[in-house]
Amino acid sequence: MIKIQLNGEIQELSKRHNIDELLKIFSIDPNKVAVELNRTVVSKDKYITTYVSNQDVVEIVTFIGGG
Amino acid sequence: MIKIQLNGEIQELSKRHNIDELLKIFSIDPNKVAVELNRTVVSKDKYITTYVSNQDVVEIVTFIGGG
Amino acid sequence: MIKIQLNGEIQELSKRHNIDELLKIFSIDPNKVAVELNRTVVSKDKYITTYVSNQDVVEIVTFIGGG
Amino acid sequence: MIKIQLNGEIQELSKRHNIDELLKIFSIDPNKVAVELNRTVVSKDKYITTYVSNQDVVEIVTFIGGG
Amino acid sequence: MDNFKVGSKIFKSRLIVGTGKYKNFQETADAITASGADLVTVAVRRVNITNSTEPLLMDFVDPKKITYLPNTAGCFTSEDALRILRLAKESGGWNLVKLEVLGDEKTLYPNMQETIKAAKILVSEGFEVMVYCSDDPIACRQLEDLGVVAVMPLGSLIGSGQGIPNRMNIEIIKKQSKIPVIVDAGIGTASDAVIAMELGCDAVLVNSAIAKAKNPILMAEAMKNAVIAGRQCYLSGRMDKINLASASSPAQGKINN
Amino acid sequence: MDNFKVGSKIFKSRLIVGTGKYKNFQETADAITASGADLVTVAVRRVNITNSTEPLLMDFVDPKKITYLPNTAGCFTSEDALRILRLAKESGGWNLVKLEVLGDEKTLYPNMQETIKAAKILVSEGFEVMVYCSDDPIACRQLEDLGVVAVMPLGSLIGSGQGIPNRMNIEIIKKQSKIPVIVDAGIGTASDAVIAMELGCDAVLVNSAIAKAKNPILMAEAMKNAVIAGRQCYLSGRMDKINLASASSPAQGKINN
Amino acid sequence: MDNFKVGSKIFKSRLIVGTGKYKNFQETADAITASGADLVTVAVRRVNITNSTEPLLMDFVDPKKITYLPNTAGCFTSEDALRILRLAKESGGWNLVKLEVLGDEKTLYPNMQETIKAAKILVSEGFEVMVYCSDDPIACRQLEDLGVVAVMPLGSLIGSGQGIPNRMNIEIIKKQSKIPVIVDAGIGTASDAVIAMELGCDAVLVNSAIAKAKNPILMAEAMKNAVIAGRQCYLSGRMDKINLASASSPAQGKINN
Amino acid sequence: MDNFKVGSKIFKSRLIVGTGKYKNFQETADAITASGADLVTVAVRRVNITNSTEPLLMDFVDPKKITYLPNTAGCFTSEDALRILRLAKESGGWNLVKLEVLGDEKTLYPNMQETIKAAKILVSEGFEVMVYCSDDPIACRQLEDLGVVAVMPLGSLIGSGQGIPNRMNIEIIKKQSKIPVIVDAGIGTASDAVIAMELGCDAVLVNSAIAKAKNPILMAEAMKNAVIAGRQCYLSGRMDKINLASASSPAQGKINN
């Protein structure tokens, strides 16, 4: 049982997950987002090998309308 | 007893008056106004000799603020 | 032998001509011009019956570029 | 005999002079100018005690018309 | 389709072009084609008696395809203007004409007294009269009441390219008019034409801005697109101007919140 | 063809549109189509964790067909801007980005100190940086010297629709720049866009003027034609303005001579 | 001294003020004093029969010290205007009058047809006529030829405070006129008055801009100084505008040379 | 009294004049007198070694009566500017100085990066710094936060006489500033100065517009009155602009009612 801050909100995970699993949990299409772990961008090819730990801060972003 | 239209309103006069009397009746200073009788200007020197008759239309005007 | 003023210049004609002949003399296409005889427009259907006399003033105009 | 650069031009002096003397030599009113010795401002109270040496760069400036 | 109706005629383009000031008739024809205009102003002048073989505008711009709008350019009295337009009518059965009676050589500003006098007569003779006029809303209404088919207020002096300094007058004229309002004179560049159309005008007349451009043909195309853009802009209803900034991207969802 | 080249990319349209402020994604997509733009700005924001099924911009505007230009709208420090653009780069391999570092909420005027700081770092990280900036010719040159691929001076405040009050600055910037100059912010109507292009700008960025029009789709089309008209006008070389009138019809040949 | 001569009269001030729209007669009088004006417009209206004791303008503004300029405000026909001015003449022997014949209630734009008609008659009756008119140079010349003593083209609509959008017309009118040209209507702020004078106008008429200011008395003083500044500026001949910078301090003598 | 306070000093006049570009020192002195200015900018330059008898500005304009404001005109780096002002300070104990660091010869536009750098140092050395700057509201706030005593945004390019194209920026700067805002550069005519003051500016700096007028002395007086008029206008609160007409004479009491 770990706690992370995901997009500004606390989320509880049963165990440490890698980014790939994390996206699946929230059913997010990896091709449409970018992920930041503790203020560092995680490149797509590291989604499997990168695990989130307790207290980690994760941001998952996408493109929206903007001027 | 005659009726005249004075500045757009019907006024009753006991008898035919000249302009000079007419102004006095309404206590109007002759030096501050101009008088029109039936659409013709009455010059100041004719105030004594010019009489208003029944049905006459009289306008007494002065200067007011304007742009 | 008659003299007319044509478009501002004196022209001599062997005899009285109608407008139709006049245009032919100067090889002008009737369909591209309008004719004025002594300041009155001559309608196309009167070109045959309208004759120019000595001293007449004739204007033959067309459309040119203009703003 | 020393050489200094004064306002961009080489000047020869018979000997080392202080700023006060220097101004006198060129008959310049001390109250109307400021003096810079080797890019450092010389305050008026140091005119007597500040001497120019060979190779020194001196600027003497005043106020002129400007926008 | 958003056609342009004036008098009894309907045109595809809201850009009317003049045919003066071009290098030659070929350039005139090419510019008209590039501009997409189907209504062009023309002047009435004496034919060359001494050389009747010299080419005419009609040889390059076919009046059956492009409607000629005879004008009275250069007339300084109502009499002259009437004389010209009666000839124009005869020469091609033209009914739709552009009246302009000028006040002086220096400004080419309209003489509205003479213009109104001539308009009255032309209407009575059955002409469909489009009138070059000042941007005076009252004079424009008087012309409309006389029965002219369009008012053509000047944006600025003919051939000056100074644009439309007094936009409020043009707007007032447009708001009050039931007949087409066409900005005539003063258009110097594409944005001037767009502004005229944004003000709600029904059409724009352009001559010098095209003929006097370094590249008249390309400028003719620019004007075509400008008039279309201005019309679409007017129809779509512009945003309000505001005095402070308004973000185009939402604040919500910012990662640094 | 008169294409628009910025950095290593080439675009057909000189109209760049923003994707903010629309009623919904469908309207956004329709407006883009009507505008003819092939480069559109987008913002980077958190995905909705709680409802991952809600539609995304990408579902309506295909990044393979329309190039996304990630911006840093809402960033007030260089750090925030860098963070956003690094994420943007990762999320789609985007290299061409729009940097904007704002000075305050009220004006959304750029903070040029922070902007220049961020631009320097982004260039060093291999980004192709287009920069929203003030209309300060010196700052624009400093940005160009840093290696940005385009300067985007504001016409007036973001979303204000106030147009381009200071045209001389834009002209000076254009004349001195080897990289594209794009008027960003302030365009409120079609004529504003035409004026920007007439000043010689390489492109125009429009968002509010389209999204906030009563009919955004028609306004998008108006802007498309406006940018084309302005570009053609610039290329064709406008007539000179003159202070008096110049007749469009010749005096020669007048019957009343 | 640079006096202002109109008709047979000479005035010290080139600022003519209206006397309408003030809170009361005292404020009117104070504003006139602050403005330095020695010529003020007044309207002609019926006296109050039912209460002849109510104060009159004359009780506050002495016509012996300040010249009254009777106007025909509110007249929409030449007949009405003639009637008013004939009464005005009688009421104080006034000869110098301001003619205005309006075209409609909404714009208060002059009806030039009626204005010219009335002007002709007034001149023949020996009036010295100053005429509120459009900024139409031809109509202004026609009025001058009729013998009016001053033309008073509007800057913009009466009471609109929109200033002088069409400066070229005012300049043309000034250049061609031998009689005084006075900008009437539209002045909304001090700079508008200065601009009118910089264009070469002989005087300016202001009413709403003073009466409707938060502090009318101070604004009256502002207008006084504005007209003086504008006149001096016109007489001194402004510098030319240039398109690039020109240093105010000399390069020569710089220590870093 | 409505004095003008900047830093620790108080001045009577809100018109600051430059002393450059005059025919000679006598004209400079006469213009200053006519302008009523008690604060004038001066440049720092090498004395003429070869001819120390040639007259100096000080011989015509007494620094005890008229405060000299040393500027750094012609400096393109913060180092040069610092050097000049340190000399200026010594030469007369001047503390109140005008900093300008220019970006290039052609535009004389400020280099804001260098300007901010120099301002920081000057403030730390105890100078009271007035700063010539761009009309960038964010940069102006940064300067205020650094402790400068006045910001002097350019209206337009130095010596161009183009006036104040971007009025919104000046207004924003004025609204946000606790220190005086002075429009510097670009004033070409009296109305430009009035407009600057109407926008709420605390003072105006004028040089070329006076020195380059045909009659500099009269123009100096014009500018004096212009600044007074503009200030009074600002304080009195102008009427609102309206889009239609508003009669200045009452309808009530009309004889034709």
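The chains carry the letters A, B, C, D, E, F, G and H, assigned in the order they are written, with residues numbered from 1 in each.
We adopt the following convention: contacts are C-beta pairs under 8 Å (C-beta built on N, C-alpha and C of every residue); 3 or more make two chains touch, one makes a residue touch a chain.
Quick caveat: nothing in here was measured; it's all calculated off a predicted structure.
Counting only chains that touch, the fewest steps needed to get from subunit B to subunit H is 1. With centres computed as the average of Cα coordinates, no chain lies farther from subunit E than D. The interface of B-H is repeated, with over half of its contact pairs matching by residue number, by C-F among B-G, A-F or C-F.
Counting C-beta pairs in contact across C-F and across B-G shows that the higher total falls to B-G. The centroid of the Cα atoms in subunit B and the matching centroid in subunit C are 70 Å apart.
Note on chain placement: the centre of subunit C and the centre of subunit E lie 33 Å apart, centres being C-alpha means. Distance between subunit B and subunit D, defined via averaged C-alpha coordinates, is recorded as 93 Å. Residues of subunit G found to touch two or more other chains are 18, 20-21, 41, 43-46, 71, 73, 83, 87, 107, 109, 157-160, 162, 168, 207-208, 211, 243, 247-250, 253, 255. Contact of a single residue of subunit A with at least two other chains is seen at positions 7-8, 36, 59, 61, 64-67. Those residues of subunit D lying in contact with subunit G across their complex are 7-8, 36, 59, 61, 64-67.
Residues 18-22, 25, 28, 41-47, 49, 52-53, 56-58, 63, 68, 70-71, 73, 83, 86-92, 158-159, 205, 207-208, 211 of subunit H are the ones touching subunit D in the complex. Listing the residues of subunit G that touch subunit D in their complex gives 247-250, 253, 255, 257. Contact residues on subunit C toward subunit E in their complex (touch as defined above): 6-9, 11, 26-28, 32-36, 39, 41-44, 59-67.
Put simply, subunit F touches subunit H in their complex at residues 103-104, 107, 109-113, 116, 134, 136-139, 141-142, 156-157, 160, 162, 165-168, 172.
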